[in-house]
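In what follows, chain A forms one complex with chain B and a second complex with chain C.
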Partner chain A sequence: MTELLGAILPYITTILLFASIYAVFALGLNLEWGFTGLINFGHVAFFAIGAYTTVLLNISGCPLIISVIAGVALAGFFGFLLGIPTLRLREDYLAIVTIGFSEVVRSILLNEEWLTRGPFGVHGFDRPFQDAVPYQHYNTFLLILFVAILAIVYFALERLIQSPWGRVLKSIREDETVPSALGKNVFSYKLQSLIIGSAIAGLAGTMLAFYITYINPCTFKPIETFYAWIIVILGGTASNKGTIVGAIILWAFFSGTKFIDRIVPVPFESHQMGAFRMIVIGLLLMLLMMYKPEGIFGRKEELALSD
Partner chain B sequence: MNILTARNLKKHFGGVKAVDGCSIDIESGTIVGLIGPNGAGKTTMFNLISGFERGSGEITFKGQRTDNLSPFKIARCGMVRTFQIPRALTKMSVLENLMLAPTMQRGERIWNVCLRRKKVLEQEQTIKEKSMGILEFFEIDDLRDEYAGALSGGQKKLLEMARAIAIDPSLMLLDEPFSGVNPTLSRKISGHIDELREGGMTFLIIEHDIPAVTKISDRIVVMNEGRVMTEGKPEEIKRRKDVLDVYLGGEG
Partner chain C sequence: MQLIINGLVIGSIIAITAIGLSMIYKTLNFVNFAHGDFVAFAAYIAFFANKELGVHLAVAFLIAILATMLLGVSMEKVVWRPMRRKKASRTALIIISIGFALVLRNTLLFIWGGSTRCYDIPVRRGFDFFGATITHNQVLVIIVAFILMFLLHYLLSRTMIGKAMRALSDNIDLARISGINVDQVILWTWVIGLGLAASGGVLYGLVTAIRPSMGWYLLLPMFAAIILGGIGNPYGTIAGGMVIGLSQELSTAVLPTEYKFAVSFVVMAVMLLIKPEGLFGGAK
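What follows is the complex of A and B.
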């Protein structure tokens, strides 16, 4: 029994570590899309900026905590820079510009070797409290740390969205003409939402780097953005609780399907299994969306409302 | 004293001269009706005055030039408008729709939410009580917790007016407040407008329901083809044959 537990526990720890990182990542998107209605298809750019800034500063001798703060701040700052020219665009154009931006960031990571070390990536940076925590317990420690970070981000966001500030964001999502007719500076609120969402993504990027200990430009492909979208939609758009649950489900799907060939005999070679898993994940998501289109914590009655 | 003066407003869309040299004065504390056939440029006038569209000409509101300000700044000066098709914030409750409105709320600033929680909550309580008062005035207080998107067309009209009043405007621009509303509700809305005017509010009302708008207005402005055709007291306008012709599209 203890043997079995010993085999399963690290496995569950891995799922929860990834889930907590991606939950933080997707909470940033949920603020932008779920509460403000901004279609950001370039969320991964801020994930990358946060991760790269932190580790690059750290390996050049900067203390870890300052590197993390800089990573988060720089991700937020890039949100600000991207927001100024784009937030006046209509929603679908914003989507196009943001996805382009994320690819530009990845190209820079790949090609500006003097700064980012190019395709070889970065490793050998510090991890938080790595000397204080014994190696065999490090992942458990990291999980506790990440859950604590997730909790802080969650409660901070909940407080924000339940405030009058959050009410203005929601009104922008519903129909931005109304808040501007009522004297709210819509552009400024969109910008604030994008800055905070991006800073949160940056924090998630830092967490990812600490866990996987090695990052390269391939870690930050556009698909990462869409994992965040899947998480938000799965959990129920505009529900932070749903976003956390969505992240756990997505990673349970990812990891759970690894062993599918042991349960159901499938006629695939091991190298084909990866693709097969994606099919299974897609199918599971489709079923969920068919039978619960509002997401897990979404409100069904909202789907029926009209303007 | 004029609360609003617009001089020589123009707005062209390609070859279409939606508003073509329109001037209008609105005296403080009065109700002015803006009528005219479809395409006369009434809604474009509203858009120009409230800043949602840019054209040329001069607009002075409470002694301040507003023709270069963005809509939210104009709203903060105390001018609010409603829309022809009511814009309810669908997935927000009726009460939330109202509580959104007051300008310069402390809790709208992110650092106040983080650092001055108590003061924000205090103000929130005041805003809530005030919003409930307005909902009671419009007799839709029993709908406070409903989604705004679940309301009927008439209720949405009332909600839109209620929300506009919640910012304490000195001038309200109402775009067809009586259209698609049953006679009872229409009388009720007239009553509310009258009562608010008694309290010192000024109104500019676009309306196609001529009997309703002439009954309530102190002055009527008739627009046609982007220009002010005539203006005067409701009784005079009702007798004018050329106004009738414009509406019926005939030569008389």
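What follows is the complex of A and C.
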């Protein structure tokens, strides 16, 4: 029994570590899409900016905590930059520009070797409290740390959206003519939501780097964005609790499909398995939007997904 | 000179593929993020018919166009029309379209793998043209693209269906009360828009390698072209496509080739900032 537990425990730790990172990542998107109605198809760009800024500053000698703050701040700043040309226009423009931005960020990561080390990626950066925690317990420590971060982000977001500020965001999502008729500066609220959401994605990127200890441009493929989308929509748009559950479901599904060939023989080759997984994600996204747009935990009456 | 020629070739491909994106955007009022993957789908169908079934490339071209139209029409009937009936919001449609994009792209990857493919055609040496080399394929691309643009012009300005399509993209409710069968015209918009996208995809396969992500990388230049030309304006889109194609290729003179993609992004962002209605568009 203990043997079995010993074999399963690290495996569950891995799922929970990834789930907590992606839960934070998706909470950022949930603020933008779930509560404000902004379509960000380039969420991964802010994930990457957070991770890269932190580790690059750290390996050039900056203390870890300052590097993390800089990573989060820079991700938020890029949210600000992208919001300026797009948030005054229809919601489609933000989608187009962010999807393009995520590709541009990735090609910069790949090609500016003097700055980002290109395709070789970055490793050898510090991890939080790495000297204080014994190596064999480090992942357990990291899990506790990540769950704590997740909890802080969760409660902070819950407070924010229940504040008057959050109510304005929701009213923008439902019909932005109403808050603007009440004299609210809709553009400024949307911009704030995008900045905070991007900064949270940056924080998640930092967490990812600490866990996997090696990042390269391939870590931040466009598909990461859609992991966040599926998490948010699966769990329930505009439900932070649902987002966390969605993250756990997604990672359980991933590890399930990763090992499925050991249980039942699957006639797929390895590249096919990856493609198959993406087909499932895409189909799920379509079907959920078509038949259950409120997700598992979302409340239908809160979300007016029809004009 | 070489760069200008390359730019014109890529520009005409961007132009004809982007027209469909722009027409659907204007008529159905949402961005179809799967448009680029329809382009790749067509290239793969042409490759399949040409290389694996062994038919002539011209026949493969037609098969690819028909297959893409068929896929588009089925999507309209299974997904878009029911969603319109349900009065789904624009954002819901956008998310469904990106979901479909993932499905389509990964289906191609699943069947044919990630390695690059090319048609079964003889490789011929290009000829000299004012010090630059043009390949036969490039000439073919430009000729076919211009024929298609001319056909589209004829269709939009001279035929009933073309006029109905224009009326619909101007104002769908006004078109409906003047007795136009809206659902049927929307179907035609898909057929023509995706037919153009499919032709662009097959042509693109002539001048570049065929791979599952080819449509994805064409998506951003297409967006840049339609924003430059003004959404829903087919002639503006053609001009926009040419401008984007040329600026992408010319940028390689000063920037590394990897940043071609970034050029259309920058053009687009600047356009949105100063004149979001497009170069030829009036006030919104």
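Just so it is clear, the second predicted complex is superposed on the first by the 269 of 307 C-alpha atoms of A that agree within 3 Å, B and C clash if a C-alpha of one lies under 4 Å from a C-alpha of the other, contacts with A are read in each partner's own complex, and residues count from 1 in each chain.
Rule of thumb we're sticking to: a contact is a pair of C-beta atoms (placed from the backbone, for glycine too) under 8 Å apart; a residue touches a chain by one contact, two chains touch by 3 or more.
On a predicted model such as this, the values are computed, not experimentally measured, just so you know.
In the superposed model, A:Glu91 lies in contact with chain C only, and not with chain B. By the touch criterion defined above, A:Asn111 reaches chain C but does not reach chain B.
By the touch criterion defined above, A:Ser255 reaches neither chain B nor chain C.
In the overlay built on the shared chain, the residue A:Glu174 is in contact with chain B alone; chain C does not reach it.
When chain B and chain C are set side by side, the one touching more residues of chain A is C. Looking at the shared chain after the overlay, A:Thr13 reaches neither chain B nor chain C. In the overlay built on the shared chain, the residue A:Ile279 is in contact with chain C alone; chain B does not reach it.
In the superposed model, A:Glu103 lies in contact with chain C only, and not with chain B.
Counting contacts by the rule stated earlier, residues 305-307 of chain A appear in both its interface with chain B and its interface with chain C.
Listing the residues of chain A that touch chain B in their complex gives 159-160, 163-165, 167-168, 170-171, 173-175, 177-186, 192, 238, 301-302, 305-307. Against chain A, in their complex, chain C makes its touches with residues 25, 30-31, 33, 79, 82-83, 86-92, 94-96, 98-107, 109-110, 113-114, 216-217, 219-220, 223, 227, 256, 258-259, 261-262, 264-265, 268-269, 272-273, 276.
Touching chain C in their complex are the following residues of chain A: 37, 39, 41, 84-86, 89, 91-93, 95-97, 99-101, 103-104, 107-108, 110-111, 222-223, 226, 229, 233, 271-272, 274-276, 278-279, 281-286, 289-290, 293, 304-307. Residue ranges on chain B touching chain A, taken from their complex, read 50, 52, 70-73, 75-76, 80-81, 83, 87-92, 96, 99-101, 103-110, 113-114, 120, 124, 127, 147, 149-150, 163-164, 167.
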